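Both complexes shown next keep subunit A, but they swap its partner, so subunit B is in the first and subunit C is in the second.
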Partner chain A sequence: MFKKGLIFAVLLATTLAFWAPAQDKIQVTFWHAMSGGLGETVDTLVAQFNEQSETTEVTAVFQGNYGDLFQKNLASVAAGEPPTITQMFENWTPSYLQPALDENALAPIQGLIDPSIVADIPGIFVSANTYTIDGEATLTTIPFNKSATILYYNQETVPNPPTTWDELLELSQSLRQDTDGDGEDDVFGFYMRPGSSGVGELYLTYLKMAGGSIIADDCKSVNLNGAEAVTAAQFMKDLADVSLTGSDFEDGLFAAGTIQMYYSTSAGIVFATRSVGDNFPWTTFGGLQGPAGTSSVIQGTNLGIFQMNHTQEQVEAAADFVSFLVDVPQTVFWAQETGYLPVRTSAIESAEFQDFLANSDTYRAPTESLDNAFITPGLEEWSDVRLTIADAVELILVGGVDIQETLDQLDADVDEALSSVSDGISCTG
Partner chain B sequence: MTQAAPTPKLSLIQRIQAYFASDQLRSPRFWKDSLQAYIYLLPTLVILGVFTFFPFVNSFFLSLHEGPITNPTRTFTGLEHFEKLFQDRKFWKAMWNTTYYVMFSVPTTIFLALFFAVLLNTKIRFKGFFRTAFFLPYITPTVAAAVVWEWIFHRDWGLFNSFLNFFGIPKQDFINNPELAMPMVILFSIWKYMGFNIVIFLAGLQNISKEYYDAAAIDGANAWQRFWKITFPLLTPVTFFVLIISMVGAFKVFDEIFVIFHGSTGPLDSAMTVMIFFYQTAFGRFKMGYASAIAYTMFIVIFLFTLLQMWLAKRRVHYGG
Partner chain C sequence: MNAFLSEREVIGFWLRKGATYAVLLGGVVAMSVPFLWMISTSLKAPDQVKVFPPIWIPEVLHWENYVIAWTSAPFNWYLFNSFFIATVSTALELITTAMAAYAFAKMDFFGKKILFVLLLGTLMIPGEMLLIPNYITIVKLSWIDTYYALIVPWIVSVFGIFLLRQFFMSQPDELWDAAQLDNCSRFRFLWQILIPLSRPGLMTVALFKFIGSWNAFLWVIIMTNSPEKRTLPVGLRNFTQEAGSLFELLTAASTLVILPILILFFFTQKQFIEGIARSGIR
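This part shows the complex of A and B:
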């Protein structure tokens, strides 16, 4: 009996010894979906913050992929116990605000962080993170891991990247080869994944290059069947006809030499670097011109702070951590380690980041793409809409359907999905 | 000898009254035993209640309502989701794909399982090895097996294409060809689930009394006649059981498709079964009310199929004895 009591006392003392000091600090939980090397960089930043902060202890918790993270966040909000900070895409944010909820679960970033930080965030990010709260446009979340869509190309087989749609088509055709003489091409210029959900965002990028717009100012209707939409869809179809289409991830085929070019987000730079190794020189390009110019879709998530079930002290502590993450040294470190974009203008212009770009050519294109970039609408309905667009684009690329008819149907379907959008909502895109 | 008077048929109310009037309710022993039984059942009931019964009832509620997942205040929409569902071309595509999968995978798996079970029930060499080999795919986790199959059927470096190439057949893009995607999934399911069915059939075969076969041999019946006149009829309860669980399982096919096609619906929705459609609607599009309507529609379809099978079983299943 004495022995058991002694063991219990030792266990209790050990637990308290490790637990008690941490409890002195304000506890902040940070749910994220950054796996592998990205997760390690998050942990490094969190450790740095915890070391320097005397008042706040942040615990980063990996929650799986983006889908898992959103499901867990929704469940936690429904249960009234969300984490303090989490990542969210623009179209997830409305799920944590009125009218989806009776009361706003998020504490708007505006007013929580230094106005000089807000003034230093590129305008495209500010507008994408601004939501209508109590009838006022309010900066609600803050950009975190943002990437641009760019062209990856093998510099051995493509010494100069294509700058126009016509050049891309011609090059994609001319690079096709049947190397083993079996009558079928096994090397391709370009590669597309028609069945992926991201094919919709790619289509919207080409639509922007063709001079089209995505959504009306009231956010209740789209223009996906106009002349520009047909031009973009026809170009994608022509490109698919001369390219390899499939479901494999791009970096593996690129590293194997099966494909020479592909369009993807700059978040994939780390994967391509790892896959290609020293096999051949490659880089990225962000200046492909359509009939109306160039464009790039910015993807990736923002950070939001939950006030639901948290004290004002915790919310402010969370804001301290968020301010730390987007501080210039940290956002530059984040960009260098992961390939995501720095989220501060002064960080992009800093000597440290410019030196980094001078030595890391692959990271230049995403940063330069920011000037002509766009972000898809921050509407709750967009989770549904983006899949509807992807389905229609897949049909156009490999389904042998009539382009105009398919786009007409798509336009009608999306308009119906957006018919429930509340009045007075602002959205980007 | 007097014949016993037939027991009068009691109404439900009379039976309840009789139950409460019985002496057993006044026995402390009865209450102690009952309490003990309920305590043993409690953990299971709690788990079933939280993870099965509550979601079952709540998803029906969701199917009749519309609203954000995070907000318990929802708008009652009645049967609107069901009406929309029956006009949704994606739903009918999913129904067709599921039917196609069920109609090909279930009979083929059962036929092959019965064939191999009969062979394994004879005096062949290495019987233990074959039984293990057939059962191994069933105990292999579906996700791991599906990843391997995705590689086997890969267009460029898949083993299956090398095999086809050996016979001069050009390589096929099973994963990206809408016409080949579902046959590949069916092939996977046959390989995966045949072993389980073989084990069930073997148990059934070993329960058939040897006397029937001895009598048939004396009468001069050949192997084919013995199979059709003895084995098959006496195996019908087992076949019926296998048919029901295979059919229900096939209607709910999800894991292998989800893994092989990376969470998508396959090329041009060719591998979009109802469960994949349901998952994408609920956790891709986040339309919980509509997704619940899909789930309930599928529940009704499976329920009706099972009733039909039970009705047929009454006419066709022989329980021997």
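This part shows the complex of A and C:
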């Protein structure tokens, strides 16, 4: 009897050992706003990670555009059930930290990822992702899909890109044509979207080129009505007067030959490539000089890890995935597929990426723009401020208003909006 | 024209008629052009989308845009979910709305007018403002990423109650008096007498609801995480980014998405228009 029992026990133990399911992987959810081809690239990277990781399973979830994602992030934090990782702009991050919340919902990246990775991230990204936590400047998020603002131009009609504001104005005027003889120009040199929310960032880029600064060191006031600000606004107005203005995305008009040049984010390279096809040669340029030099606004989001409602294991697993995403092969792959910037210095300098640039000229300008680039302030208030700036710029471009008066009002409005910024905050821009 | 009208009156008659038709024709063109542009764009190559003047009929029709668009996301799931959610929530809303509208139209109870005004007052609260509180409620119910979250909160409509109440009020009270003589209960009176008489109103409420549910985007994307629970409007987001849009694919997918609604409207338009007219809504 004892013998039978022993055999049964051994058999049972052996069977259970074989039948026992593999230890469950740690589950990490990654909310993003990357649709279409960008989403497919995210899925490819996630699949690569899941295949190589024995401990972590990442699920990437598309959550609509940036606005939808922000709404859902806010709601999920309010409900106490945020994802493990999410994309966030610099000005979203404070919404997930004290004093906006009773406790920090985010786990700072600093301390979670290898310091050698942090040391390899370009300084502009490190400062933009650093926030004051418990009185200490702390790297809180990590750059992910970062793009630079660059000039796109048709190489058939613009053999050499304009290098100064005057050249850009002259070229924009001279390229206008009435091809069908109806008395109305139907081909334009330059194109602007005065009604887009991004027109504010474009204005800040020109402001920087004019030698202006955006925000005071204490983050409580801006300088949007000084001499440089007026120069930048006047230039934009002059440019708008000789350009086509509208609300359509640029790449379609560019492909149709209606416009020959436009300023936009490098994330649009994939769209322009697709739209233009083999119709004509085109490329990008990042060295337009204003009175004080060149500049480019860096846009796009960073990655943050939520500790709220997550175990330390999940937070660390999320950090592993984030480290994987910004590892050199992955960030180079991401840049090649999407037009976003590699977020590691060693990735930009890598032979693989340099070889890629040698064969893909259009991707060179964004990387070269990085040296003179800036990022708008990572303040919670900036979400509204950027729209206020965009509204004022739209008025200047197409509303026929007095530039100085409009900028004075803008400066006062933004100062008022920033009056609630806490003491001791530092911000970029 | 008959012989009693002068020549001037005849000319005036035809001028008025001509002007009416011209205005109507203008309306038809204004309403049709966006649809025609959408269908035309859906058949273009990427570099033809923004050519000006627009190419209305492309030389090469890119029918493959429809296949590419449909297969670029799990649109079969989205289609099923859109139908399922819109149908179930419409059916349930008709039931709750009819009962509430009947109470407000034909029954007397304490605080009826104040309650109705309060109910109408909720129409003035923007939905976006309630999004986060509603999300928290759905999380507490553990309904995130379920059909419950997409259906249950939407089975009551204040607008529907208002519209049907107007409809029920136009029915004579004598019907209820007569029904009482036959020992008819209020419930039976509602379902067997009042509702059959109010079919145009119900069709209007149903059509509004179905279209609203079919087009719902923000609620669906906020309350769901898996593609298996999402609907067609969420699928359309796949073709737009901050830096550009895949217009020919977006319009191809939009054409397919809008088709069922067009067919539904085609079959119900007579009752829909009658319902709008009789409920006093303009």
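We adopt the following convention: the second predicted complex is superposed on the first by the 406 of 429 C-alpha atoms of A that agree within 3 Å, B and C clash if a C-alpha of one lies under 4 Å from a C-alpha of the other, contacts with A are read in each partner's own complex, and residues count from 1 in each chain.
Assume a residue touches a chain if its C-beta (ideal position, glycine included) is under 8 Å from a C-beta of that chain, and two chains touch if they have at least 3 such contacts.
Since the structure is predicted, the reported quantities are computational estimates derived from the model, not experimental observations.
A count of residues in subunit A touched by subunit B and by subunit C gives the higher number to C.
Touch criterion not met for A:Asn104: it reaches neither subunit B nor subunit C. When the two complexes are overlaid on their common chain A, residue A:Tyr96 makes contact with subunit B while staying clear of subunit C.
Contacts of A:Thr245 after superposition on the shared chain: subunit B is touched, whereas subunit C is not. Applying the stated contact rule after C-alpha superposition, one finds that A:Gly399 touches subunit B and leaves subunit C untouched.
Shared-chain residue A:Leu38: touches subunit C; no touch with subunit B. When the two complexes are overlaid on their common chain A, residue A:Leu74 makes contact with subunit B and with subunit C alike.
In the superposition on chain A, contact is made by A:Glu184 with subunit B only, not with subunit C.
Once the two complexes are laid over each other on the shared chain, residue contacts for A:Phe271 go to subunit C alone; subunit B is not touched.
When the two structures are aligned on the shared chain, A:Leu387 is found in touch with subunit B, with no touch to subunit C.
Shared interface residues of subunit A (contacting subunit B in one complex, subunit C in the other): 71, 74, 78, 186, 258. Against subunit A, the residues of subunit C that register as touching in their complex are 45-52, 72, 128, 131-132, 135-136, 139-140, 144, 217-218, 221-222, 225-226, 234, 237-247.
Taken together, the subunit A residues at the contact with subunit C in this complex read 29, 34-36, 38-39, 61-66, 68, 71-72, 74-76, 78-81, 147, 186, 198, 248-253, 255-256, 258, 264-265, 267-268, 270-272, 274-277, 279.
Remark: subunit B residues 68-73, 155-156, 170-171, 173, 175-176, 261-262, 264-269, 280, 283-287 touch subunit A in the complex.
Across the complex, subunit B is touched by residues 67, 70-71, 74, 77-78, 95-96, 100-102, 105, 182, 184, 186, 194-197, 245-247, 258, 380, 383-384, 387, 391, 394-395, 398-399 of subunit A.
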